[in-house]
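Quick heads-up: structures coming right below.
Note that chain A is present in both complexes that follow, paired respectively with chain B and with chain C.
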Partner chain A sequence: MRAGTRLGFVLLIAPLLLWLVLLIVIPHIDLALLSLRERVGVGEYAVSMANYRTFLDEPLYLWTFLRTAVMAVLATAITLVIGFPVSFYIAKIARGRVQSALFLLCLVPFWVSELVRTFGWMILLRETGLISGLLQWIGVADGPVEMLYNDAAMMVGLVYTSMLFMVVPLVTTLESLDDGIIEAGYDLGGSGPSVLREIIIPHAVPGIVAGSIVVFMLSLGNYLTPTMLGGKDSLWFTELIYSQFIVRFNWELGAAFGFLLLVLSSVIVWAMLRLTGQTLEKTMGSA
Partner chain B sequence: MIPSMPRPRAYRLIYGAYVTLFFVYLALPLAVVAVFAFNDSVFPALPWEGFTWNWFFGDARPQIGVFHERRILRAIGTSVLVGACVSALSLVVGTSNAFLFNRYRFRGRGLLYVLMLLPLVIPGIVLGISILVFSSTVANAAWDAWQWDLVALRPGLVLVILGQFSFITTIATLVISARLQKFDRSLEEAALNLGAGRLTAVRTVTLPFLAPALVGAFVVAFLMSFENFNTTLMLVGSDAPLTIAMFDRLKEGSTPLLNAVSLLLMLGSSVLALTMIVFQRR
Partner chain C sequence: MSAPDLECSALVKQFDGVTAVDDVSFTVPRGSFFSILGPSGCGKTTIMRMIAGFLEPTSGDIRIRGGSVIDVPPNKRNVNMVFQHLALFPMMNVADNIGYGLRRKRLPRAEIAHRVDAVLERIGLPGIGPRKVAELSGGQKQRVAIARCMVLEPDVLLLDEPLGALDLKLRERMKIELKALQADFGTTFVYITHDQSEALVMSDRIAVMNAGRFEQLGNARDLYYRPETAFVAGFVGDSNRWRGRVARVSGGIAEMQADDGLTLRAALRGVSAAGDRGEIFVRPELVLPGHGPTDLAGCDNSLSGEVTDILFNGAASRALLRCVETGTVLEMALPQSGRFAGLGRGDRVQVGWAADQAACFPERGTDAGIAGAG
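Moving on to the complex of A and B:
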């Protein structure tokens, strides 16, 4: 490198390193260290696994952790199943103006904050809400029906909130599939399901992986939707983190929870990439 | 399955109905939020009590409109301030990152690139608490060592800005990189041949080419900052941005005031997004 480009290099890499080291790397190391700390007396601390033991010993914590993981995977699967046909429609069946209009329509709900979206579902689902009113009006229900504060309502909200992040990468990858290849599949005697299984889905794998990773992450880390739409029984792991940090002021335990959430999401994202032979660089580039 | 393949009528009808239903599902929550902003009642719920503008312009209890509700107005101001700072910061760092990864081959480049992507796969709430923990560590250390009280490192706007910046920068970098990759470097070389210095060449040739991506990155960063909830929740102090202020309201019980704010938000972000699209088309 010449002297000039060397200076340029240093100037360009400095902000990147400052950002990553000060805001990402060191804070997470600090979080890990804090989670390994135990208060033994006033102002006295020792290194121990006590916080992680608390996590394992208390059934509520462990149960919430596992439940959150399973529900987040479920939300991802539902989002994929609902979003795939729509993405295919936008990418392959709609044409020209209609195509771009539909694509834009998919983006619209995500220009407003998650809070507004959740609020909308509350208005629809609650006891005095629209759906309850509609059911009474057509005579299916005799009195007000409460549809909020349960797992199903929470799932509806989670799927709704993450839909965009599934549809966009799916549409992008499906658009790159040549119609001729699908036609060739039929010419060679394939039926609808076999063409879908052997041509369309394999081609869409990068989009499916990218979408699933983002949706899974967003569901796992969601706080608003489970708090507002879920019931007393549908405690989400992020709610535990929040209560340890802000309500109980037990930062050590909260840090351990946070670290566990981070490990869980990293393991599942890594497994997803591994199983499908994708890399983070390629996946995030397309998303 | 594709238009060139004939399919039975029933199949096409069912598929069309499914897609229609999907868009109804997308629109429904937003539509009800918008409609109930005009309900002349203190609950955003049935029954419909008649049409009113009071939730926007009303100045008498119980129907105090958005434009007379100081706490909400202040929260909007806070959000705009935070959004502007976050977008400006992430735009600068994002542009610098894009140039670095586009122009230089160096040892550790692959590792740094993956590290740069990581904030996208860290749950927002974890980003929030890790920054909260680290800044408190620093603030406590400064107090113990020199009795300095570093107020900026206690929960508050500075931390909110840093927290949002920490992951929005990744998105800005990706948006700008995508456009920089399409840039034809011979244009820059032509400028150099014509006697321009390196910086002049970048300023007069490369940056104008990047302009649509820069505007796009700014708008996306602003919207993401405005909407952000998880990271902000952990870092917020006494000055609450709009999403947090609305969340606190919602927990107390909702009035159509929240619908009115939401409707204004929808309008605001649509206008921003449309400006961006118009800009990209040029």
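Moving on to the complex of A and C:
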């Protein structure tokens, strides 16, 4: 390689390396070291697995951890079930301006901050909110109905927040499916469900996996929605991390929690890829 | 006699007030190869999609083996289609592609495997079942797409310009192969194309379509030698063409004063009377060269021209002549074995043709859709 091209290469790669090292590698190394530290006296620390032991010994931590994982998977599944027909409509049925308009509608919620968006749901769902009022007005409910602060409200918020990230990769993959292939499916005797099962879904797998990974990670790491819409029982693992770091100043345990969350999301994403026979390169390439 | 495999009567399709198919009726007898030939946008694809069931006709009826299929969805019609881009399922291997329709019929697994093997044998590709679609060559994909339909034993197989994506050499080979496959299976084929040579080579009967209507329906010979309209004369095969005013009509022969100044005689087709505008078409291979007027004694038309170019193409070579008197350019077939094989640029040659080998039609309004030499 000539000196000139090498310099150019270094300059091009520098921002990427800086990004990786400063924002991802260094904090994680620090977090790892922090999580393996135990405070034995004032200003005195020893290397130990005590933080991880605490996690395993305390049922609340373990329970919240598992619950968060299950709920995030559930949120991803619901997003997929709602997002798939929406994406199919945008990619294959809507044409021209309707298509762009629908796509834009998926994007519009992201023009306001997540906080405001979540407040929007609170306005709708709270005891004195719109839906409660409507139910009373048409006579279905006798008194104010509280719909906030439970798992269902939290799920609604999570799905709403993640929808775009499911729709975008799905629309991209579905658009690449030739209409002729769908028509051939019908022509050769297929019915709606069999064409969906044998042709459309197999074609959309890379998009489904890509969207699901993004939505799953966003849901798992979400803090605001579970905090604002979820109730006392709908504790999210990120809330535990927050409270360790900010409320209790127990950075060691918080770091251990953070690491466990990283491991959890990696394991589930890996399992999802194995299950669908996809690779990370392939799915990310398609999205 | 049993009902024909396919019968369309007074078929009309309108899109937002635009008539794409205008009162088309035809019958395709069992086991024949029927082509619809027309320029793009003439409505041939619309007819095909109506037969397959993807479009609902505005009016008219489609009967398959005697039974009307209006209101029958595509997956319930015993008609299959080979799509323009073949539409093989990329997510399945060859055997699963072919077995797709059989699986929809809920046949037992062993039966499906047996039938898939049998049809692969028949198309001359035994043992490629486990291959991926992407690994096949263009010609193999073509045959697999046909096998995928034929395994279902349809009453009618529709083919929507399936050779369009192939290179020229392969296309020539596939034409012969397709015709052989059709004869072998004995299934009724309905083939649509804008490529006249595909239609002429393969079909038993051809309908030439223009602007939503059938211009002429007949076999390849009829269309080539006895075109009924100016459109067919211009669209099927190459032609030299003159426009002008009909000066005299006698005994089925029209004498036309062409706009470029020539006086030409041609067999009268259609309803031209003296004084009408007309168009004369002459096939390049019917233009005969000669050394002097005596050589061309039987010709009612003759002119002398200068060779401006030789388009060498083996047996299908052509010479371009510029008429000495008028400057009009005309095309002449130039056999490479005859007396004139040595003709070169700049040579003077006398050419002529008989009146009954040229055709005079009433002039059409527009030039749209004319392919070939003018």
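Following the convention adopted for this analysis, the second predicted complex is superposed on the first by the 284 of 287 C-alpha atoms of A that agree within 3 Å, B and C clash if a C-alpha of one lies under 4 Å from a C-alpha of the other, contacts with A are read in each partner's own complex, and residues count from 1 in each chain.
Here is the rule we go by: a contact is a pair of C-beta atoms (placed from the backbone, for glycine too) under 8 Å apart; a residue touches a chain by one contact, two chains touch by 3 or more.
All values derive from a computational prediction rather than experimental measurement.
Student: Could you classify chain B and chain C on chain A, in the superposed arrangement, as clash or fit?
Tutor: Aligned through their shared chain, the two binders fit side by side on chain A.
Student: Going by the contact rule set out at the top, does A:Gly120 touch chain B (first), chain C (second), both, or neither?
Tutor: Only chain B; A:Gly120 stays clear of chain C.
Student: So in the superposed three-chain picture, is A:Glu183 touching just chain B, just chain C, both, or none of them (first/second/both/neither)?
Tutor: Both: A:Glu183 reaches chain B and chain C.
Student: Just checking: does A:Ile26 make contact with chain B only, chain C only, both, or neither of them? Give me first, second, both or neither.
Tutor: first
Student: Under the stated touch criterion, which partner chain does A:Val86 make contact with: chain B (first), chain C (second), both, or neither?
Tutor: first
Student: Angle chain B-chain A-chain C between C-alpha centres, in steps of 10 degrees?
Tutor: 90
Student: For A:Leu56, is the partner it touches chain B (first), chain C (second), both, or none of the two (neither)?
Tutor: Once the two structures are laid over each other on A, A:Leu56 reaches no partner at all.
Student: For A:His203, decide between first (touching chain B), second (touching chain C), both and neither.
Tutor: second
Student: So in the superposed three-chain picture, is A:Ala101 touching just chain B, just chain C, both, or none of them (first/second/both/neither)?
Tutor: A:Ala101: touches no partner chain.
Student: Of the partners chain B and chain C, which touch A:Leu66 in the superposed model: first, second, both, neither?
Tutor: In the superposition, A:Leu66 contacts neither chain B nor chain C.
Student: Applying the document's definition of touching, compare chain B and chain C: which contacts more of chain A?
Tutor: Higher number of touched chain A residues: B.
Student: Look at the superposition and give the distance in whole angstrom between the closest pair of CA atoms, one from chain B and one from chain C.
Tutor: Shortest inter-chain C-alpha distance (chain B to chain C): 5 Å.
Student: Both chain B and chain C touch chain A; at which residues?
Tutor: Looking at chain A, the two contact sets intersect at 183, 186.
Student: Once bound in the complex, which stretches of chain A touch chain B?
Tutor: Within the complex, chain A contacts chain B at residues 4-5, 8-9, 11-13, 15-16, 19-20, 23-28, 30-31, 34, 82, 85-86, 88-89, 92-93, 95, 102, 105-109, 111-117, 119-124, 126, 128-130, 133, 160, 163, 179, 182-183, 186, 192, 195-196, 200, 213-214, 217, 220-224, 228, 238, 241-242, 245-246, 251, 254-255, 258-259, 261-262, 265-266, 269, 280-281, 284-285.
Student: Contact residues on chain B for chain A in the complex?
Tutor: 1-5, 15, 18-19, 22-23, 25-33, 36, 43-46, 92-93, 96-97, 99-100, 103-104, 106, 112-127, 129-134, 137, 162, 165-166, 169, 174, 198, 223, 226-227, 229-230, 233-234, 242-243, 246-247, 250, 254, 258-259, 262, 265-266, 269-270, 272-273
Student: Can you check the complex and tell me which residues of chain A touch chain C?
Tutor: Residues in contact with chain C: 178, 180-181, 183-191, 194, 198-199, 202-203.
Student: In their complex, what parts of chain C are in touch with chain A?
Tutor: The contact residues of chain C facing chain A are 52-54, 73-75, 79-81, 83-92, 100-101, 104-105, 148-149, 152.
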